[in-house]
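Listed after this line are the structures, all set down as structure tokens.
Look at the two complexes coming up: chain A is in both, with chain B in one and chain C in the other.
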Partner chain A sequence: MSEIAVVMAARSVWRPVLMSLVAPALLIVLWQAIVATHLVAPYILPSPATVLARFQNELDGGTFWGDVAASLSRALGGFALGAPAGLAFGLLLGLSRLAGRLFGPIFLAYRQIALFAWVPLLSLWFGGGEAGKLAFIAISAFAPATVNTWRAAATIPAPYRELSRALIFGRLDHLRLIALPSALPGILTGLRSALIHAWLATVGAELFLDIAPGLGGRLNEGRDKFEVDLMIVALTALAVLGLGFSQLAAAAERRSIRWSRR
Partner chain B sequence: MTELSRNRSDAVAALEIDRVGKLFDVAGRRVEALRDISFSVRPGEFVAIVGASGCGKSTLLRLILGLDTDYQGEIRLDGRRVEKPALDRGIVFQDHRLLPWLTAEGNVAAALRRSGLPRRERRRLVAEHLKLVGLENFAGAWPAQLSGGMSQRVAIARALVNRPRFLLLDEPLGALDALTRLRLQDELARIVRQEGTTALLVTHDVDEAVFLADRIIVLQPDPGRIARIVEVDLDGYRDRSAPAFLRLRDEILDTLGVRHAPQQAIATAA
Partner chain C sequence: MSRHATAFLVPALLFGLWWASASEGWLPQQLLPAPMAVWDALADTAASGDLWADLLISLQRVGEGFALGALAGLVFGGAIGLSRTLRTLLNPLFLLLAQIPPLAWIPLVILAVGIDEAMKVTVIAWASFVPVVLGVAQGIRDVPARLRELGRALTFGPWDLVSRIVFPAAVPAIFTGLREGLANAWQTLVAAELFASSEGLGYLISLGRQLFQLDLVLAMVVVLGIVGLAVNGALALVERRLLRWQTIAP
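On to the complex of A and B.
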């Protein structure tokens, strides 16, 4: 009996993880099956084993970790520039009705411009080097941080606003005790979204601006040299790192709202 | 209003509601929420306002609190027109409205932000009022960890911590289960007596009004206006099943258009 209970408990913990691995496993099986038919040339679709060997090769003698570090620091650098600015701007728009009326519409108009449409202008202004890349990542992180903070700060529940008036709070007390904590979940959602956008924009910057160390640069290299195995390694690394990013951000989000835990 | 009558009412009444009316715009239609409400409250008095939902009783409390100044007539505290909320009026809402990101202690302390008292004095007052509502051992608890009754006790402590002249109670026990409500009614009677504050309770629970109030203002809806004002001549602790209690309760229910025949039978039998 107890053995069964232990197995059941273990199963309940590992089950979601195992289930999430089913689809990738199926994908690899399908991939291997296609390779085995020899209908597709190996230089178009190399076998899973070839890609794995390439990955090993990159780890052993290549620049893989250097590329990962370059991409990560670029993403975090752009995030550090764009997200706080978005946070501040979102608070201004959400908390001041005047600011919302003055600057809200132009921000909404700005949102209609696809992010990649900024690349030519930014590369003229900041160059295609590190500064241009950081500028692009920063404006990518800026928008989601602004939108979510704005919405959260503008929709403080009426009962709390009423309480704030009944306790005759001044501006600072209202901000500290009512507005910011009430908007905190939305702000954190915005920061998480900004982090993910920064990561997506990092690859865009690396692909479309000057070649530099980084995973996007490796993708370009793979295309130029026709090395599909390298491209698959880089794409997989992007997915895994991005997943790690959003998991970490979600955990940080849960931790910082400790009052909602029972 | 002449100087003379104003001075005279100063001496007697702490709160005067003088021919107050209130209109709302609901979907482009004018709705009269309150019409010609006049009564006054003496210092230390406990007044209950009862009525069916929609009779404007909560609206009236919001006006007294000063959250809304767009109304006809005048509401005066010590002879001065109410312009905005102030610390001389503490309020308990039906939803406890504790800030979930502050502890019980933090929520009570929040009401002292504008008191101008030194930190040490504030801490003493917070501890004293948590003790008053019997929650001295839950100072560090988050609202999410407290039951509905406990949360409402914290809200009562928060409303009283500034030692307000008026305690405004907007259906404070309406969201609680029946047993907790009875227990908190006892508590409320004790607390108000102990603090010596003037209390104004809005409720739709007639028993609650008879149990707690010195005077009951019965409102009728459409538009909200005073149906009658009832003095409660019951001394000391009020036995909820005493004949006099039940008689008064049924009288008020009658005014509200609710018949209570079975209770009447018990009352006459006893």
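On to the complex of A and C.
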């Protein structure tokens, strides 16, 4: 490759990256300008430097990594409780016509209730501590896992089902060799959605239930103490972690689609 | 057994179990109030007018927030869907901000605009904005190239291309975004009202929780379910009307 081609290739790779940095850079310049002209009181909008110093402070002497770990483990714990249950329930609904008819309508009715309406009930039943939080995260992960698995299992293509009959598969073999592989993309979509919902619910649980280590708790702390710099640090951490979650889930789904096309 | 009968079998059984549990005292009233108590709570709030007043306020908040968020989402989503330059400039920042759960903004928004209506409408608007942008941008990008070519072959100008080809072809994705936006708006409303409010359905729920009146909490949960169902049904109806042409020429 000639030098020019290398430069061109590098440019075509870096150009979108650079362009995507323009808007955040402008935002920070604007932010700094607002602070410098005293348009907004510094206790409402601290300067970028203050926020950066706060972040450094949290990293050095604070509980930042502990909060991140607490939120992540809460999200994964609730996901581990709710998603497999949703997967099993979705398979049951999708594979057994009777179960689908019996439990499907009431499940759809249940889904209409806003998730956060369960917070007061769960906090009365399980308390506002860790058990109540995990229960809320688990039911948040349960519904999307159920819906997607149900849909995928109920729409297994007829040729596959015929194949299963032609090979006189038993129930277990049908499940293992036909139903699960055929429904796999839908199941993974469901797990992806469940993971994202578990993450949303984690933040909700930390905001609404008893204060405990975690990023949502830090947001509440920031509000109580009027420390906007702490809140911006926590929100940025939530954004970065959320981006990580969705990238991870999307990568897992891409793999599965590649597999299903094989 | 007919289809409808099976659909009601499990709810009826659950209801019977609930009834039996209450009358036999299997669970304390504080954990699971009797069905009649829930019904009474519902009837009481309806008779006193509280239910309707709070329902109206909640619907109004969702309406204002969703209208603002969806309109802004249509414009912004259309802009980054149609212009590649705007997309590379703005999409990464938008996607980063979209990762933050809407209700995580509540504490900050409270400090910025106070705890009243402005806070609820802002947070609800943001919650509906995100999925609408994603739906619109995705829908526009996924318009089949052959349709765009058709437009060019017919020498459509940019306006005709958008209004006659791109927009109609993107309607299903746009509606997915709108429906998700409305669902998000509804979820966020309940969260915002639970968090900080003195009116609205979410407030009634948190009031019931504070007074340990689980019957009131359950009654409001039922109301939330019914309203959610109605709102979803209305939007599905609009969607079917707008998509009627698609069944004629698939």
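The rule is short, and it goes like this: the second predicted complex is superposed on the first by the 233 of 262 C-alpha atoms of A that agree within 3 Å, B and C clash if a C-alpha of one lies under 4 Å from a C-alpha of the other, contacts with A are read in each partner's own complex, and residues count from 1 in each chain.
Following the convention adopted for this analysis, a residue touches a chain if its C-beta (ideal position, glycine included) is under 8 Å from a C-beta of that chain, and two chains touch if they have at least 3 such contacts.
This one's a predicted model, so the numbers in the text were calculated from it and none came from an experiment.
Asker: If you stack the two complexes on chain A, which partner ends up touching A:153: first (chain B), second (chain C), both, or neither?
Answerer: It touches nothing on chain B or chain C.
Asker: State whether A:93 touches chain B only (first), chain C only (second), both chains, or neither.
Answerer: neither
Asker: For A:103, using the defined touch cut-off, is the partner it touches chain B, chain C, both, or neither? Pick first, second, both or neither.
Answerer: In the superposition, A:103 contacts chain C only.
Asker: Output check: A:162 vs chain B and chain C. Expected answer is one of first, second, both, neither. What do you get?
Answerer: First partner only, chain B.
Asker: By the touch definition at the top of the document, which applies to A:223: first (chain B), second (chain C), both, or neither?
Answerer: Second partner only, chain C.
Asker: Under the stated touch criterion, name the partner, chain B or chain C, that contacts more residues in chain A.
Answerer: If we count touched residues of chain A for both partners, the winner is C.
Asker: Could you say whether A:181 touches chain B, chain C, both of them, or neither, answering first, second, both or neither?
Answerer: First partner only, chain B.
Asker: For A:170 in the superposed arrangement: first (chain B), second (chain C), both or neither?
Answerer: The first partner, chain B, only.
Asker: Show which residues of chain B lie in contact with chain A when the two form their complex.
Answerer: For this pair, the touching residues of chain B are 65, 67, 84-87, 91, 93, 95, 97, 99-102, 110-111, 113-114, 142-145.
Asker: Please give the residue numbers of chain A that touch chain B in the complex, ascending.
Answerer: So the residues of chain A touching chain B come out as 159-160, 162-163, 165-170, 173, 177-178, 181-182, 184, 259-262.
Asker: Of all residues in chain C, which touch chain A in the complex?
Answerer: Spelled out, the residues of chain C in touch with chain A are 3, 6-11, 14, 30-31, 88-93, 95-97, 99-101, 103-108, 110-112, 186-187, 189-191, 194-195, 202, 205-206, 208-209, 212, 214, 217-218, 220-221, 224-226, 228-229, 232.
Asker: Quick check: in the complex, which residue numbers of chain A touch chain C?
Answerer: Contacts found on chain A: 16, 19-24, 27, 44, 98, 101-106, 109-110, 112-121, 123-125, 199-200, 203-204, 207-208, 216, 219-220, 222-223, 226, 228, 231-232, 234-235, 238-243, 245-246.
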